[in-house]
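Per-chain residue numbering starts at 1, and chain names A, B and C are given in the order in which the chains are listed.
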Amino acid sequence: MELTSHQFKSVSSAKLKDVKLQKALYQAKDGFVVSRAKVVAELDNFEEIRQAAADVRDHCLAHLDLYLEEWEKQAQAAGTIVHWAESYEELNALVVKIAQDNKVKKIIKSKSMVGEETGLNQYVEGHGIEVKETDLGEYIIQQADEHPSHIIAPATHKSKDDVADLFAEKHQRPRLDDAEKLTHEAREILRPHFLDADMGITGANFMIAETGSTVIVTNEGNGRMTTTMPRVHVAISSIEKCLPTLDDFALIMRLLPRSATGQVISNYVSMTTGPKRTGDKDGPGAFHVIILDVGRTRVLGSELREALRCIRCGACMNHCPVYQNVGGHAYGWVYPGPIGSVLTPAYNGIENAIDLPNAATLCNQCGVVCPVKIPLPDLMRKLRERQYEKNLKSSTEKWSLRFWAYLALRPKLYSVVTRVMARAGKVLGGDSRRIKRMLFAGQDWTRHRDLPAPRGRTFRDIYINKNKTANR
Amino acid sequence: MSARENILARIRAANKTANIDDVMDGAVADRLGSPPISALPKLDWESEVHFKLRCKESASSLDEIARIEELPSAVNRYLSKNVLPNKAVCWPEFLNLSWAAEGIQMESRGAIGDDKVGLTGSYCAVAETGTLVLLSGPDSHATTSLLPETHIAVVQRSRIVKTMEDAWRLIRGEVGSLPRQVNFISGPSRTADIEMTLVYGAHGPFRVHVIIIDQ
Amino acid sequence: MRVGLFVTCLADLMRPSIGLAAVKLLERAGCEVVFPESQTCCGQPAYNAGDRQSAQQLARKVISEFADVDYVVVPSGSCGGMIKTHYEDLMSGLPEHRVKAQWLAARTYELTDFLANVIDMNSFDTAFQGTITYHDSCAGLRELNIKDQPRKLLAYLPHVDLKEMAGAEQCCGFGGTFSVKYGDISSRIVDVKCDDVEATQVDALVLGDLGCMMNIEGKLRRRGNHKTKVLHIAEVLTGLVGDETE
């Protein structure tokens, strides 16, 4: 997917003025946050489970080579054909080759964020093969020729009316006016494709080393269709999605649906191990898994390593005050919100996504809801440190902060300067005690809000003077 | 070198750089050999009661019968009540029951696009989440629980286990290696992709009816 | 008990009444208040901007200034959080300073945490009365677990009625330099906060952090709300509000 993170500022400002988007974001926020809180409260030892999940992810990452080798061994024993890819181009080419080798004309696809990273659909279509997205949200996005704005609710930025207009145009049917009818129309349109597609592509939420399985977690059932109906199934995933055992997966499943959609469990958890077996009446004759490493090993050896624990639940964005107001597209790549503000620069180069780690209040609403305890604000701060070292910060910010530090390290000078500022501030505030307009960097403050004016004297002046008087 | 070798080499180098002190000899083999259970919630409920509660929460309907011979009338009861077609496909294990006596036209085969009702058994069920566990196999078509608009599933009372971990233990002990697909099903297919409005019957069944049986 | 007051640069410059109120509270509790006059800034702006070196220098300065007190009390969750949860990380690689940072962190308390949990203070001399709502500042809440402490203290005031607002734990959008670098977004977030405050129709919004305070008060006033007071909890607990200190 094309990276547009450098436009964060202008795009986010536009998104703030987009009335329809604002309404959609407001609805989504309420839905996700409230329902998560309810099902999390229901677990008496949520924090203990969360810690155990973080430990399992760390343990797996620490031995990722061994677990991937074990996964591959078990997968191959079950008849899975395993491929590895070191670039987006390599993954896309492998998919097309598998399709061509199997004379595939039509592909049905269940949601995959790795596929979004590689720009898979466009590539495959470029080779004359039809691809149908089947997750309702992804289907909407594909019809509208847009990108997902959320990792689990890709079309969350679109209103019901948007979808109604879109479906009426694309399906050439009378315009429908409610979510249920629209959903069922999509079901009706997509059903024949499930039945006659030659190949299915899915992501994999996890790969289980113990059994060589891939797992997908869905609510709609399109994942089950995609892994069962076509004669070829290709799962695309990335190296960090590995989990050691089935029990580790069970542990993670107490967290993923709760954190993602506020469900105790998602409707369909489908664990696939190899292609159709002898005697099986359904299932694909060939099952391929492509494991990607773009950026992952670089992050693994870096201070951002903890980001690889991510299980893609979306809780960090759902709870982020910035995401809640600007939506996912402003972030300019596959992963929005706090995790995106770490992964986007980590995978694409920090100079290509300067705004993302800075466009956060470091409020840690993300960190406390992350089911695998990724210290997201700390990771964003580390990226800011690298920006500072590489001289990627704006000179205004750099010099004003340097000036402040210079002053703060010289208490005598500091007390004089702040004394002057307190007096000047009081004068500027006038009778209303509000500063309504400041210059230079201050104008970015007063463009949006007043500044309550200083009171004329600093605390230290008042306090020290008072003590002197008292001691006299 | 192949992509595989390159990636594995980079992982090893990265973990060395990061100075990970989790490296105990045999930790990986131990974990794979006897998978530990890290943290469980309290689970202070009775399995069957909790299973039923969770089924209702996930919008499945419930019925109970004592013997397998009662299944056709239970199915008939459900189909009539919901004004559903009396024509269904089922897993082979149920074919020899007296369906005709209940006026139900039953076939034993995988479902195709037009089938409206699918009847399946289940390997076991998970009480914690109200989940049916179905294993694919020669006599347990995956399509039967997927393509029809209505999925009726039979669950043996004695096979309602507490957790997903328990289900894995059962599978490891009884089945050994995993079948092509293990499906955990918790209620009818759903989506909330349009304005967070919950809609049933996205791509899979609109309805799931669970029949608990004593034997 | 020798208690060092780290007044914070913002209170020092913008709202000295908070410092005076903190002193009054600590003295009422029987503490000997020590105010190291060379104190300035905790280093958080530099730390969050990625300037680790400056942050480290300022942290070392704070550590040395409070080397001989029993406790350090900070009337701010944000600066308190900086000292208590980030100084140690800042000194990683400097073992000697790291030990000192841990020492300081263990002795440092956010004001309401200190009053509620160390002193267990239960009577206050304040003329303040009215209905209030409380904004939980992010660092106080999520770094220092400040949630019940201010509410416990406020409950001792007979003429104060606390009415919780929706989204009390939601960030106000300040975020230090974020408030100016991403002003459009910050402004929207604080607008939502102001809506929540106004929906409660209370006399005053009370909180424990200067950053949030300037942001929310500034926004309320810009919106034309001149009625809802915005007060630091120390001001409420002592009745020393901004105007009386000039």
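Methods note: a contact is a pair of C-beta atoms (placed from the backbone, for glycine too) under 8 Å apart; a residue touches a chain by one contact, two chains touch by 3 or more.
Nothing here was measured: the structure is a model prediction, and the numbers come from that model.
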Building nodes from the protein chains and edges from chain pairs that touch, which of line, ring, star, complete or other describes the result?
line
Chain whose averaged C-alpha position falls nearest the assembly-wide average
A
List the centre-to-centre spacing of chain A and chain B in whole Å, with centres computed as mean CA coordinates.
29
With chain centres defined as C-alpha means, what is the inter-centre distance between chain A and chain C in Å?
32
If you average the Cα atoms of chain B and of chain C to get two centres, how far apart are those centres in Å?
52
Under the touch definition given earlier, write down the residues of chain B that touch chain A in their complex.
2-4, 6-8, 10-15, 17-18, 20, 22-23, 27-28, 31-32, 35-39, 41-42, 54, 57-58, 109-110, 112-113, 128-131, 136-138, 141-143, 146, 163-165, 168, 172, 177-197, 199, 201-205
Touch list for chain C against partner chain A, complex:
7, 9, 11-20, 23, 35, 37-41, 43, 45-52, 54, 57-58, 61, 89, 138-139, 142-143, 169-171, 173-190, 192, 213-215, 217-219, 221-222, 230, 242, 245-246
Mind listing the chain A positions that touch chain C in their complex?
9, 12-13, 16, 321-322, 325-326, 358-365, 367-368, 378, 381, 383-389, 393-394, 397-398, 401-402, 404-405, 407-409, 411, 414, 418, 421-422, 425, 434, 436, 441-442, 444-445, 447-452, 454-460, 462-464
Okay, in this complex, where on chain A does chain B touch?
24, 27-28, 30-31, 43-45, 48-49, 51-53, 55-56, 58-59, 61-70, 78, 83-86, 90, 134-137, 140, 153-156, 158-160, 163, 178-180, 182-184, 187, 190-192, 194-195, 209-211, 213, 219-222, 224-225, 227-229, 239, 244-251, 253-254, 261, 264-277, 279-283, 291, 293, 297-298, 300-302, 305
